[in-house]
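The structure appears right after this line, and notes come after that.
Letters A, B, C and D name the chains as they come in the text, with residue numbers starting at 1 for each one.
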């Protein structure tokens, strides 16, 4: 049990001995925070709330969220009055002042709680966990506070404020065990597996925020290779010999994982890939290709909805399957491609470079995409333009080989 | 010339060779920033704007401020439409959404410029300098952007986000020369004078912000003494022997200076004193008094406005003068005492402890307050309550000796 | 393969292409180093030798050691001449100078190789590995260089030059995997086992040398407990609840392991225990006992050589076994007790505090000592005196309970 | 007064109250150190001796040195016995052992005091100060300990163990004030003068030892220029504009100063120049010349001993003076040139590049060398060979222009 947690437990125990429930305790603390004029005590109270919250059970957290949600309402009567004042303003100057007061009336009184939390130890982590909890419960009552919190975290986790850190086998074990826990694409089976992914011909980068220095936000795993990797097993083989990084011409991004459910939709992955492409280009000038080796999570499910003739899996090179896959990856609905991973990389300005048959024959790989994997290519000079073309005109950048697969006829 | 400055100069030169004025260059950059969708280029442009601005002359800065001010207007028609939508909302849910849109309409489009600047190297310093420039020019056109910027900086420089750092003679010379430049109470005459103020029986603390790591925001100079210091000269005497800090029972705060004109009214001094009182109490448990030795800047001027009989300066102990001074320091107008330094300490929750005759006989000391100085006492346990009593009831905390001076009759 | 190794490999390859064997290459480098006047090139050559040596195979290393051994001979004729000069000296001054020259003649020419290696990157590690290799081969030819190196390392690894570092779960994984590899007393079975040993109620300290910053030299594992631990299993139980360190009154040193075979006999363990006792006493004032829970490696073997009547293992508390064990642990031969672990702790000034029956029932524990373990107590105030009494008079410090066990009659 | 000093003073006071003189106290401590078996107490005693010594006055220090000197004697009878044992050894093995014992007999018993001091806080500084004191007193009784200490410090301050650190205006003021104090070539007049010497077109490097991290050992001041600097004033002009370092092609070493009188003859300056030439070459690839602008301290005095016809100082370019100076700088006596600065640079492998008339017209410059200064050029590729040629054959490397000056006839 961490020190923070045990301290919060002691606080709760003290309140309980005085006959308050946890809920009442938090309620009272939040009320004190919102009422307080003096900033030192308010900060101390906010720190206590942060610690207590992190120590709460599921039930108690939910009650706290409801209480917080209520504080995020605004007062319709006050808003109406402020509107009336704007409409009655005799001149531009007075109108400007009335507008300012109206803006204040429209801002939930509890909004500055976020600022308060962001300024205390553990408070930023609290905000991130609050949003994770709000999203998980999905209660419509939480819509307003959820949206305010999303806007707030988007500013707080602006890529300009994040620190890009390379993670090696020299990193703290307490950090590395988080990578093992958070890896979302290809599970890390053991410390030996992890060590292999941090070898001299590998790179791992993560974003960190100064207020959560021990918590990775998102991380990417990269293999330095000669030529584009077409299948997964060699990348995960702990016995494979290491390549001298100076001889590598390609960086293969084979896994990218978000670590904080509370930071969903903040686009950290996009910023991470862009900064890492820059960083690697500086460190290893011999690199001239930045590609992914990516899963195609929705292919198999989509395939089952298609009226395709019997797949001739024996057919060499799996051209029929790859052709169908090319179709799946380039089909748009609602201005975006169907596959979420493809949508992520295309939005970032990558190009669909190549499809690889029998690239991931693990049970999961077969189940998701019949073993097919995709390479997306990041070309620094063309990313902006491609991202724009995809976003505004739904244009999917693809290589000639993918184009050929698309029109393939058996 | 710093590297950043010379880089910005090169940028300006490049634009000039293409025929643009600095003004047009900045104008175009700001337009690009506000129009841009892609966040990497926007950040790069923001960094360029920051560098250029810091390299501009007075005239050019003023033009840039006007341009920026214009971007901070809102559109009255759009606001009126949004108001109409709120008023027409058929139910609570739609009204809530209409209110959210109204809030957006009331927020100047350029507001997120601040966020953008805060996320780039040098950008926080730019925001601070922008406000300093806005305040210095005092143009009514700047009122809106000035107010938005004030609110923004208040959040950004929340005491919870500042770093308290002790400054010693081992600090970088480049930092120490800033103390010499910024000292506002008792000018630092030389490096030897500064070294004396950083001796083993002295303490100096400053607040720093992570985004301006080399720039002190506010700093305080303290002497550790046995008993309360009643006059200034021994504190500034470079030849005075050092006291073993373990023998000190009193910390005398004899100078506190703001370093950033752009952070005026952010109340950094208050937070600094409170944190330093805490810090010193922990480091040196033998300390049991925290007092200031403070100037009384407005006393002499006030005295001249009073119809007092001839001051008998020969009178021992200067009781008549001290009595008048006690009256000056405790007289309220508009709910605050007349003297700005007294108002600062009383607002912080300090008590007027004692008045000292002939405490500062320097020309400035005589001119400001006929040589009188005041001790304010900070008692950690009573600060909150005193600050409250002063703020809400105009109650001035004072010691018995001051009370006696107040009723003294010659 | 590390960078240093691959660089050394390149060097060897270069020499091989020119037709030299590795042996000739090193021979030439050492000759150059010893002949050189200019210190920069000598250092570069020494660094190369260090890198090459670390990359050599067993056979090649052995040949290098023989070559080095030969350089450590002195010239009898030169010594005889220098002796003659001392004997012929006409006065005290000239004799003193002749003595100085004789000392030089008696010092192997290659002695300053050590200094040279100690001054280059990787050179200190080379010296440590050299000694490990010399000891392992045990060739009498190596006696001289081995002894010179021992004296040299004893100075270089003087406890005053070592850094005591606490090791936690936040330490680099690359360091922690070395603990797993080096643990010599109770093998660390997994990363989870290691994590348990670094919990909040545990401490782990190691000595480091500035020239080998990533290599622990010796480390000790400690459990903070309430009362003296009498058996091993609870200490290694990953599921056991953590004790609040502030509630602990006893520090149990349950494992101490040397990491560098080349530093055997340098007495690092003794210095480590003393410094850690100091350090823990400062950090946790509530601790008032520092004891070990130690194996008794030679007990079972010794027992088999004794003509003891059938052990009545069913007898409650195992008093007969403990009595025999007390005898074993206090029997001296050649001025030291028979058991190496007992000798280590008694030399350090510890007292034999208590014997624990059924304390380690693992196969190894049964095999070494029929499951018995010993507690040795370190009392800071009495360590010097006890170490002296043991060293000079063979006096074994023991508690009353051990004394009773010693005279126990069934 | 530093903490260490005041602690030592307290120790002395305690001993004095018990009736011991400082001398007796130190005497007893040293005896304890030499007699002690247990290494922890010995280290503590050594630390106390170090602190006390640094706090002593001149008189007391001298007495301590005499006491220490006595401990550095060896026992002639023991040496004679050991010699007899060598001569009587029946075989090679026994002889080798007898030789080892003889070496021990020849080594002053107190020699390991140095090791002991080197291992305690402040002990390395003590050794350096001890040597400074020994050299200053120059008593023949100190010859032996002085020589042992010289050999010891030479190993301890081997260039491989020193840290090269760049010093900028961001360095601690407490360090920079030491540069002001130690500058030996062109006195630093003020903090503004120092700041100018640390500008963006300047470099300052120093060597440090890990055991004296706040004490520079030797430092060099460098100006980055376009072309070789021919006179001193522009380098010291605080108002001179800064050159963009990227445009510089020449590094001018215009001052090199030893900081520790106790490290005289350890050749730190030589190692510093070589490492800085390397470092600058890496940092600024546009640099292609490394020259000094050096004083010629003995020229004027030498000139006065020469029977030269009246110098025609009005003669343009000062060719007659320069010709004489070239003669002075290249004249050898006892295998080295007369001028100490010239000897330093030639020993390092530099070439005499150029003589500059009216280069330093300060009173000191006129007095030392009638205003003439010399440039020595360091060419990395040729330094080893030139140093060798000068050391073994007395060959002075010089440019054509110096050679011409040498043969100039008016």
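The definition used in the following text is that a contact is a pair of C-beta atoms (placed from the backbone, for glycine too) under 8 Å apart; a residue touches a chain by one contact, two chains touch by 3 or more.
Quick caveat: nothing in here was measured; it's all calculated off a predicted structure.
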What chains touch chain B and also chain C?
A, D
Starting from the mean Cα coordinates of chain A and chain D, work out the distance between those two points in Å.
58
Which whole number of Å gives the spacing of the CA centres of chain A and chain C?
49
For the pair chain A and chain B, the C-alpha centroid-to-centroid distance in angstrom is 38
Can you pull out the residues of chain A that are in contact with at least two other chains?
none
Graph class of chain-chain contacts, one of line, ring, star, complete, other
ring
Chains grouped in pairs wherever the two touch, ordered by label
A-B, A-C, B-D, C-D
Residue set of chain A touching chain C in the complex reads 1, 3, 6, 168-176, 191, 195, 200, 242, 244
Residues of chain A defined as touching chain B within the complex:
37-41, 43, 74, 76, 79, 83, 86-87, 95-96, 99-100, 102-103, 106-107, 115-116, 118-120, 123, 144, 147, 155, 158-161, 210, 271, 274, 384, 387-388, 391
